[in-house]
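Dropping a structure here in structure tokens format, bear with me for questions.
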Amino acid sequence: MAKAILVDTTKCTACRACQVACKQWNQLPATVTGFGGTYENPPDFRGSYTRVLFSESVKDGEVRWNFAKTQCMHCTDAACAMVCPTGAIRKSEFGTTVIDAAKCIGCNYCIANCTFGVIYFDRALNRARKCDMCYDRMSNGKTPACAKACLTGCLQFGERSEILAKAQAAVAAAKNRGLAGAQVYGQTEVGGLGWIYVLKDAPAAYRLPAAPEPPVTARFWQALFQPARIVAGLAILFGLWSNRKHSADLAPAPEGTATGAGRAISAGK
Amino acid sequence: MKLSRRSFLKLSGMTVTAAALTGLGFEVRQAAAAPLRTANAQETTTICPYCGVGCGIVCHSVNGKVVNCEGDPDHPINLGSLCSKGSALYQLTSSNERRLSKVKYRAPGSDRWEEKTWDWAITEIAKRIQRTRDDSFVTTDASGVTVNRAEALACMGGAALDNEECYAYSKFARALGVVWLDHQARI
Amino acid sequence: MTNHWVDLRNTDCALILGANAAENHPMSFKWLLRARETRGAKIISVDPRFTRTSAVSDLYAPLRPGTDIAFVGGMINYALENRLYHEEYVREYTNASYIISSAYSYEDGLFSGYDAAKRAYDKNQWAYEMDAAGIPRRDKTLSNPRCVFQLLKKHFARYDAETVSSITGCPKDKFLAVASAFGTTGAVDKAGTILYAMGTTQHTVGTQNVRAFAVLQLLLGNIGRPGGGIQAMRGESNVQGSTDAALLFHLLPGYLKVPASDMPDLATYLDKTTPKTADPDSVNYWKNTPKFTVSLLKAWFGEAATAENEFGYQWLPKVHAGRNHSHIAIFEAMYEGQIKGLILMGQNPAVGGPNANKERKALARLDWMVAVDIFETDTSVFWKGPGVDPKTIQTEVFLLPAAASTEKEGSVSNSARWMQWRYVAAPPPGEAKPDLDIIDMLYKKVKGLYAGSTDPKDQGLLSLTWDYGSHPDPHRVAKEMNGYDLVTGKLLVNFTKLMDDGATSCGNWVYSGCYTGDGNMSARRDASDPSGLGITPKWAWAWPVNRRTVYNRCSADPKGQPWDPERAPFRWDAATGAWVSFDVPDFVATVPPEKSAASPFIMRVEGVGCLFSRELNEGPFPEHYEPWETPVANGMSSQNINPAVKFWGEADNAKGDKAQYPLIGTTYRVTEHWQAGSMTRNCPWLAEAMPEMFVELSPQLAQQKGISSGETVKVVGARGEVLAKACVTSRFAPFNVEGQTCHVIGLPWHFGYNGYVTGGPDKKRSYAANQLTAHIGDANTTIPEYKVFLCDLRKVT
């Protein structure tokens, strides 16, 4: 029943259909941006569930311009779910990581601990937000909005085993065409990602983290909290108080209502 | 070391009692089909108004407002996919506050628009078409050839107009005697 | 397009030159990548800079803007020298064998017949040698030194790889890689396709750029084949339809010529516009021009159009013979105060027009302007634009709110000539109305003002048919375009039923067949593909007569056997004496294949494809000339600029020189925005992805100027300047041209001064790239040379 999405970057033209289709389906407002030196926009995940990274380099005298859609990776070892004090973050029946808005208290722990730095805090709604791989569409038998919009077939939605097979085939085809560095990314990383990438080159050539791992803090809190279920009720109340105090210590949010950490997937060129 | 300074601060600010409530194990979430915001919407098909590929789009409308636009899976060219522009079609609909919805007029020397009615505007424009046409009309040229040209009247646009609109516009312009006729196809 | 979008999946090699298909026609890549995946097709990107198209292509070669003829000429030469051309196709389906009159010659940049004072050629010098019957003489061995094939070889022998590299700035090995990869499609069973757009057309030699493709594709035997052809990728959702409807000064709907002052009566008009041939093998389908013309007149003037009054011919305006009324000419006339009133339906020249500053000034000289739009465009507020004091502008402006595409019913025609019907999803906001309604209201009001007039000049207007209903019904308009049998009152099945005696009406003969007794063909939604070639004949309707790939006789040999049995839309079955067809034949299918093989290009008077053309203003063969503004002299000849190009007024149109403006500038588009930006710059999700005006430059130029990415810089030219954020990128590299280094910089042209985003923070500035371009255009079409101009780039202190 586990679903996954293939991201075959050998086919991505960075048309941004995925970026916009995500905004459209989720009715997320646009953020205000400026030209930062590359085509990449928005520059981080504040206010967005997904963004396409543009990574340019010159290798052996040839220009390489690599495009990678990034978003919540739906990690098997989801750090966000490990640290969520209210259990708002769970793995769905599709293997995707979903935040239950009703249970989110906006504590920002998930944002601080996200392996890929893709969650943002929506100030107006006081909750953490991220890609949920269109849980509503999936549970109605539909394809996630981005995968549906993708016009080259770079993004393909399906059963994880099927997607892995497609990824391997795509890597083989890429190597056949002379892309010696072609590789799969996401098969085993962080226990296995919900997004299986076909890269033309090493992850660093896409500004993707080479060996992503949930932060130590996440595992610490997971180990700590699991036996402590029994004090659940009191902990919520105390947590709410602590959160209010704690949030005040966070750096002020820039323009707009969203805040969030952009850690592992770096902004810029 | 994955711990950033910011994370460390959070760690030290946290209390033991901000404990997880229920399992940090990955329990499977209830499988209740989440409602689709396009459920019960009326579906209509259209063609993207942007480039010349002509991708098919399905619009979902509720109570006279478009709520969603996605690729038409049955269309043989795009098979349900779109580019970023087509994916943003929703923002061209009436939900966009910047859409023009009133007739406007700018008087000579003025720095602002005034709102007008259709009746007023059509009447005033028609008078100007007549005046400009009559003032500049050349019936025969120097060689005596009947040329019927409205030489001070120009018609331009529009490559995003429907075929039927382009046809009617072309017909009307020529019937007026317009020779200054051109649009995006030229440029 | 000769073929269509899905057909791209059938190609063996796609050459994308003069276009950035992945960015501006993104869906093309669905099918190109399918071709790569299933057939191992190669995708080639040739562009002044490495684009998103180049990023997914197999081969990239840089090209100095404005040197396409040198590059393609080099490919033509390469194919000829290495015998890669498809010999039987060339011999049988082109005019390669035609003998050219001794009057024709070429020398140092000029063809015979040139009048330097008029900047024009006497095209009679480029004639075929005729036999006694008036049929062109031929040498099917292709060895006669005066045959087209030999003259072609001689002309393009000058485009050797070294010369091409020197002129284009493309390294020789990269040029040769492209020439040889694409040259492989000359094999009998291979098919290559060329995709082009504004990079090809927006030059003073734009038309000849396209001609060069035609020559190359005819040589390689790629026209009329699945996976072959030449794909003009049109930029707007209905620019194909608007072209067909002739919102153009030089045409009437259906590509009929506009009447001119040297055609005082209908008989002369028909005589001058109907091509004639003595060659019995040539179908010469334009010989039916009288049927198309009279049927159009009947559609427009109904019963008032009779044989006695030349079917109302005199009511149409006649342009002064040879006069140019194109976009540039309109704004020049407007600037001179000659044009008093302008109706502007969904166009934004303050951003999209060449020499945008001059065009904004021109608008201010109008007495009145009507703009019909869905958003407030930059043009509609020209009277309070940057640098303008509204008190000094006397122009009255009417801004009429229009319905968007999802708010009205009607059809649009895509690049592949598919007419597709679309429906109302929701009503327009407030008082906005469909453009058809607006045109209808204006027509009826104007007609009312002239009611009862006996003045001859008003009779055409008063006699015009306008049977669309009290509230205009687009279906009725579409039916008028389709045409009627006026005797029976029935809708015509297609244009083969048109008559020249007034018995039929047809608003646009190429659309005849779109709305018949069987219904609205453009609304069909059956996507079945019986051939497996991606031909979906029951999805919508394509002109002409639902033919999906034109020139398709060329997909099979003279005996009717497909060049490639695996991609065979047609095959002659000798047993049944009939064709097995998966598309509508673009040839006479009721005669033996050898006979139809003699006229595979039925719209050409010759009946065959033209390697040598007698029609274009600057010569029968494409020849490289430098752009109007250029830093180098022409390396091919001493004619620097296209000898037939027209120069426009110098007022506010100064020509820049390389001393002041040493950089070559070019303009282009990005996926996230569209044309002059009045729609996409008002869509926040798109503005988020591409918020601001930028200029791309190479790291070498950036270092020279001390510029870093993200910094605001000023691009200056002889006609204006624009601020932009710097985007320093290796995707631009300096060009080595004729021994000198030429730097090229590039600007997207979507930004302006009005909208949700304008392109920059300063409300008092226009961020339109077209402040740099000029009033100078192609020698045949007058399409502006947007793609090359001189400029400089300065830090903003």
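In order of appearance the chains are A, B and C, and numbering begins at 1 in each one.
Assume a contact is a pair of C-beta atoms (placed from the backbone, for glycine too) under 8 Å apart; a residue touches a chain by one contact, two chains touch by 3 or more.
Nothing here was measured: the structure is a model prediction, and the numbers come from that model.
Each chain gets a centre from its C-alpha atoms; the one nearest the centre of all protein C-alpha atoms is C. Between A-B and B-C, more contacting C-beta pairs join the chains of B-C. Between subunit A and subunit C the centroid-to-centroid distance comes to 43 Å (mean Cα coordinates, whole Å).
Centroid to centroid, with C-alpha atoms defining each point, subunit A and subunit B lie 31 Å apart. Taking each chain's centre as the mean of its C-alpha atoms, subunit B lies 24 Å from subunit C. Residues of subunit A in contact with two or more other chains: 15-17, 19-20, 23-24, 151.
In subunit B, 69, 78, 81, 83-84, 87-88 are the positions where the chain touches two or more neighbouring chains simultaneously. Subunit C has residues 26-27, 30, 671-672, 684-686, 689 in contact with two or more other chains. Only residues 42, 44-56, 59, 61, 64-66, 69, 74-79, 81, 83-85, 87-89, 91-94, 96, 98-111, 113, 118, 121-130, 132, 135-137, 139, 141, 143, 145-187 of subunit B touch subunit C when the two sit together in their complex.
Interface residues of subunit A, counted against subunit B in their complex, comprise 15-17, 19-21, 23-25, 27, 78, 81-87, 90-93, 98, 100, 107-109, 112-113, 135-137, 139-140, 142, 145, 148-151, 213, 215-217, 221-222, 224-226, 228-229, 231-236, 238-239, 242-243, 245-246, 249, 261, 263.
Remark: subunit A residues 10-17, 19-20, 23-24, 29-39, 41-42, 56-58, 63, 65-67, 151-153, 173, 177, 269 touch subunit C in the complex.
Of all residues in subunit C, only 22-23, 26-27, 29-30, 33-34, 37, 50, 52-56, 58, 60, 670-672, 684-694, 708-710, 725-731 touch subunit A in the complex they form.
The residues of subunit B lying in touch with subunit A in their complex are 1-4, 6-7, 9-11, 13-29, 31-37, 68-71, 78, 80-84, 86-88, 90.
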